[in-house]
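Common to both upcoming complexes is chain A, partnered first by chain B, then by chain C.
This part shows the complex of A and B:
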């Protein structure tokens, strides 16, 4: 592929120096990057108490009593907060989805799930708080015998859902899928199960809260939405209207803003992946700090992250595909049952990709949710799409076998030339190029397509593939760009760095647009005192915040050019403004005359040029269908005796519009692919079916892939022009790498062994059972 | 984590003396003990730090080798004489944990590694090993990793380590010092089955301190294997592991066989009668299969771990083939499996 930019080549040699490295990277690898848990009392004016959470050991019933007498007498202990003495919080209206929208912490004695926070112990040191927390005795009423923790024992809780994810329809009906399925020449009917699993970011939940003398509240934490957290705090703690009003409405849509009493500062995040928004601990630390009148830090234990932070819940999906003699899909039917919490409205949007992946005249999606007595599931990388594609792409593999078509050929025959559920033309789509590049790289055509036909060194060999798809969305954002008298620029927007490299990519966009060196631009981010930067979710940060930065920076450049050609002191005086270039910090005229931006700005009468831009007010509404696409190709080997499954090669080819920084994007894609491998083969949060307790709550027992499990992994980026989708040309590639990976692995296992595994994770015991039952 | 006392032992006698007090624990590498303290599974009154005791040497002993109790797993695995004379031990150690843990973990401590049963680690769950008389949460619970052999109605925990499995096959002896003096314990007698006293993992008496592990003067460097089956290739406990050493006569007949299983029982699992079935046989699928069946006689699944019986059978046969073939191996090369 001439136009395939194989960024896996970056692994063997240092990437070109022209590609900027992660700006905060040196600090991160030297341990100097600062996270919320690192905040010291010195930084908080000499006072910083530490809170430790006491959690419920049972999943239902009531707290009868919390005996904190012994704990309160222990050294350094300031306070034990429970529902008996916690300030009453106000209902949060500004969000649906997160657990705290329905269940505010420490408000009453009812227990909703195991691991629920029942009390906070606040002490002068972590050691004192932890020792005292262990001394708190909780008495419980009998647990509810009707409590249910798995979809298998839902006990009539399953109900149709109107919305899934962030508002996608829970029910979709295009054409008449059932009759089309019934009369189709080829039919596939399969059911898939996926186990719950947690994000397990290296950094657990952590938060520092401080109330000031004027009743203001400042909270520092890793978050994906500092403005959203500020509004939640404003609501929960009963602040006035201006702190309760979502600033999307006031600042972005209304064009006005106030001084706010609630300030949220997003710190660097040690991994986030959808898990660090609207968490319970956002409210816990301020609750404790309000009572003590002193700043409080709360860092969850690893085990507590299993119940006090979200996760990907259990899912069941039945997929029925009907195809005609040519393998053309006539019906796609998806029936999904999805776990949710009794509190929290989030439902995994498994249909997100199902309705957009392939051309089919008839599509029927029926999604249901069962409220289980567990903490609430929530967003996790590649939400919905990765589980939906596991099912759909596994079923497509079986359809390929039934129709006698090569799996790749089947997908080409069903290529969606327009967006299937809307009929819109795509803004751009390079899926076919992704298929071609991935297939060429892995040697798809060279395999023996017959099932269980390939061997290498005594091991069974299989190849599999799957389609990846992830929607392109844009959120509103505001950016302010200030070009100073020194020729250096400051860019302000309250978006969040969650490890994806936002700081670098957005600084690049600003520097490129302004014509400055990267080092001459500094990004200020994450602080709700800055202009609205939107949510860092859904692979849309570069596009959302980048669009606002680009527009503000263009305005600054225009203002600079107009002024400089009118300034008699400038060597560019009298030149046409629109003929000037700005590059590497110099203004250059077509006739060769030039001046450094810094030299020009030193004379600027205002001392700086300030511009602000608001973009994305239509939430990325477009006459086009917009999506990133990719293709996953996998080679596995399986030991026929021990059933050890090794992913020998993982090749992903992706097209996601313009790539601002290939080094960062490569990291994103490889990380997501590795997660997809983990989801396929390893990841499961084990639940005791009797107690509803998460059991493997540490990193020795909750398995994710190690380096040894990743044999050979490559990400290919296909060049793609998406400027008709958005002038910035960016689609977003943060999550697509996980979509389809598990299906490609399942398909490769099937090719190797003849065993079709339909339950994630596909561990060797499931393969063994399938072989013994074959 | 509770407050605890701390004593740095100056010599073995001091450690043994202090070790007789109730609820004290010896601290060596701490790779397991400190976790357990943080989880409040262990709540020691005091830690006796033995790290400065002169127990770190690896030296010749009665024709074999004596491994100091405080020699680290890494020092042991990479010791040239061990790599040469006892390659099974090197291979086995390197199949366990991670490089960082092996650098800290000691040989003596490794024998005392406690079960990974999830209920043992969770103070809110019943566990007869952690809290005698409280019950067994793993029965009927999450027990995919637990025992199929040697369990009791009170406890189905496994001994999780790798090194002891090789030591069982090598018939190492554990040298201890205690209030009643020094003694050695055959590896096979070191760990115990839970019976109705699951809180006791081993046969040490209060105050007894492991000082060394003695490897006998025997050569199994030609036909050996350690096959570890786990969910991922590094930093994971064995679902099933098999240590095999064979001695083959010049005509290819098996003269001696030892097979030890890990991950399936409360102790490294050996069945002499199964090994005897191989003596006088040529390597064959039938012979290895018969030995595997005999080794696994009486195996009982607990639901989630039923698969281990079949998996262990397959692993035993495979490991025997590998040992018979003299397949060179290195656990640092993860592609040898």
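This part shows the complex of A and C:
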């Protein structure tokens, strides 16, 4: 043991025990938490075959033949599925714009991108399936010489887009930005590039599919939208209307349900970050299982996740800022060109933050997309906003230098007192407090603001800052709350746990509203057989599902109070119902009379109180502008000889309305800032521009931050009351930590070195090139 | 015989002590310790993140030392004693590192967590880490895409200082 050590650092104190820890935490630290890839044959009635995917080595052309003769003779092999024998699927609509909305797997011989799934080998064990997959031979036609993989070689593919992201306008025109820019006293004009990079959740894509004797289908997988996946399966495999979009719509509109034959069980996700919804493997495992008539498990290899799962696509943005003598913005112009797939509808909403960040009378956004011969990019943590803010906040730093203003002062002068693109008042906005808290924490005022002026221990030191902003949205959700005869409550809503802490936060909301101990409430989640719980996207889960749970729980409480005061057997009989409190599982009257909820419920004639609520049908439409805000402050050091860049300190201050659980929210904020650091300095999925193949399809070459990359990182949470935005008061803080971080780091590198890096990731080769070109 | 490689895949007899229980097993030469644990023994607490020794999700203790089990062939470890996450602590008494991970919220999705915890237990036994920076460096073989690193370092540091004051 290490008792002889002298421990020279102290651990920070653990957060107070009064803040609930993750309800599934014990399972996670004991290795009992179950992920889709962990499902064993025992749990599937003794049978679980294993599938391994065979993928294309070519980005275009046709499959001429799939020679599976050798593979089929190998031990344990049950089947090779390819376009030659796969069941025909019906066209589907993807609500999230996923690739499978345009391209169903194993349907024909055409190749759309390198790494496309061409066949599945199903065998009794993983070893057998893997060996046989290696023995499948594919013959290809010649690849298409016109194929294009990067924005630089778009070959006339670039087109204006009407919509980006989840429906934001692709083009925005407020005022007359071009003439205002031309006339402005100060101008900044800079183009920013960002490399593609992948989610690389530690858990690769995984799915288990089983058909039952009555033709029903059950699929278990990590996903951010179990109902959406069920609808896709219902459509693709030709189920009736009850298993298609009408089921989802009827739940949202009426809260009633049909008998359905497709069931999707969202398992715990081992990280998702936007990447685990409507992936192609959702369809692959059921395809194979349909042919074999036996349950099938498919787990992608890490390399396969690069082409069979989405990623953040390449982007180019030109930003022009015009400001008057006082540094007041007169024009913000964003011209973006964004990579998309030839299949899939997703286009990065790079404008999402640009149109809301600063007060400017003139804003012009022009977004274009180019369809490339790659697998489709998709949603990834902080979609659009983190790219737009990298460009805008870098440009703001350049403007600060031109105007001679402190970067923080420039931002204060341009503070948007109302929502810039709508003119609406904000429901709440505590950005100035975020600036103040972050600046104080990092010692912003104490730095030497002159460029390349600071040194410590021979290294160049720089400070940078950026504004973070992330819109608040609410999605429809249905929740059912059942208070049982034992005084324990069950809460049901089919939302998803992807590591953000949903299980704990939603259980807390229910327990608090019902007045029960946390341990007296159990959340049932993730299963499409439960009431509709919406998508787990856009930092919306706590608000969306939480609102429905709160409303249903309030109704249960009302019903309980009304009944108990009328029950002659209760010590609370005859009390005014609205005078009662419920806390820690006890009903308490103003005169001190009280009764345990469990004791009261034991007498309840129905044995339980059930209530259901549907919220968010207007998608959180509000007379106010709603957004979470924050600011990052960064200290970097750069070695003057090797140009090694190290983030020494990363401080973020955030205000996102009510925080249900500060321990979990802090973890999410820190995690998202780690993402921002990775995006800034490390993450790039490299493409071979000749073949369109991802080249660094492993975790040693596709870098993500390691523990050693993360220095002192802090998240400050600013108290904020947003009850006028929504009675629950929650805004959502899952993604804002990545928005702005890369710009703050870029600005700090500039302060340290005088080199402006405009291309992500900012690796030292780019710093060297900037220095040589200076 | 494997048609593709021409090598024999006939199972070999080995004995492993897994979480304290001795097991006689027949393993194919190509089977990794990770696949043996997960696929055959259904000890699925140990995770697969890359299968290439690049992520640490599969970290277990082999004769007390932390190892990435995806790069260990099971048949090459005849006689070894393996501790997996399932073998650390009980519900009544978590291992101090497990308890610290709970207290410090040193995880989010939990997928890297069994590997992080086994790695941390191995690290503490090695006795090399004395500072936060050393912990960061020596835990860098265990990736956490949720970015729980600050809390992971704190959790390990807290156990290290408890040991110090014992």
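We take it that the second predicted complex is superposed on the first by the 756 of 774 C-alpha atoms of A that agree within 3 Å, B and C clash if a C-alpha of one lies under 4 Å from a C-alpha of the other, contacts with A are read in each partner's own complex, and residues count from 1 in each chain.
By our rule, a residue touches a chain if its C-beta (ideal position, glycine included) is under 8 Å from a C-beta of that chain, and two chains touch if they have at least 3 such contacts.
If you're wondering where the values come from, they're calculated on a predicted model, not measured in any experiment.
**Q** Which partner does A:591 reach: the first (chain B), the second (chain C), both, or neither?
**A** Neither chain B nor chain C is touched by A:591.
**Q** Just checking: does A:682 make contact with chain B only, chain C only, both, or neither of them? Give me first, second, both or neither.
**A** It touches chain B, and chain C stays clear.
**Q** Looking at the overlay, does A:500 come into contact with chain B only (first), chain C only (second), both, or neither?
**A** second
**Q** Once chain A of both complexes is superposed, is A:673 in touch with chain B (first), chain C (second), both, or neither?
**A** In the superposed model, A:673 contacts chain C only, not chain B.
**Q** By the touch definition at the top of the document, which applies to A:302: first (chain B), second (chain C), both, or neither?
**A** Only chain C; A:302 stays clear of chain B.
**Q** Which holds for A:131: it touches chain B only (first), chain C only (second), both, or neither?
**A** A:131 sits against chain B and chain C alike.
**Q** Would you sort A:700 into first (chain B), second (chain C), both or neither based on which partner it touches?
**A** In the superposition, A:700 touches chain B and chain C alike.
**Q** Quick check for you: in the superposed arrangement, does A:21 touch first (chain B), second (chain C), both or neither?
**A** A:21: touches chain C, not chain B.
**Q** Looking at chain A, does chain C or chain B touch more of its residues?
**A** Looking at chain A, the partner in contact with more of its residues is C.
**Q** Under the stated touch criterion, which partner chain does A:618 make contact with: chain B (first), chain C (second), both, or neither?
**A** A:618 sits against neither chain B nor chain C.
**Q** Do any residues of chain A touch both chain B and chain C, and if so, which are they?
**A** 127, 131, 134, 698, 700, 705-709
**Q** Mind pulling up the chain A residues that touch chain C in the complex?
**A** 1-12, 14-15, 17, 21-22, 24-35, 37-38, 40, 42, 70, 73-75, 125-127, 131, 134-135, 199-204, 268-273, 299, 301-302, 498-501, 663-664, 666-668, 670-675, 698-700, 704-710, 713
**Q** Give the list of chain C residues in touch with chain A in this complex.
**A** So the residues of chain C touching chain A come out as 2-5, 9, 28, 30-31, 35, 38-39, 42-52, 54-55, 57, 84-86, 88-89, 91, 94, 98-105, 107-114, 117, 124-127, 129-133, 135-137, 139-140, 142-155, 157-158, 160-161, 163-164, 166.
**Q** Give every residue of chain A touching chain B within the complex, in rising order.
**A** 57, 127, 130-131, 134, 639, 641-644, 646, 681-682, 686-691, 693, 695-698, 700-701, 703, 705-709, 711, 763-765, 768-769, 772
**Q** Under the definition above, what is the set of chain B residues touching chain A in their complex?
**A** 1-3, 40, 116, 118-119, 121-122, 124-125, 137, 140-142, 144, 227, 229, 231-237, 239, 307, 310-311, 314-315, 317-318, 334-335, 337
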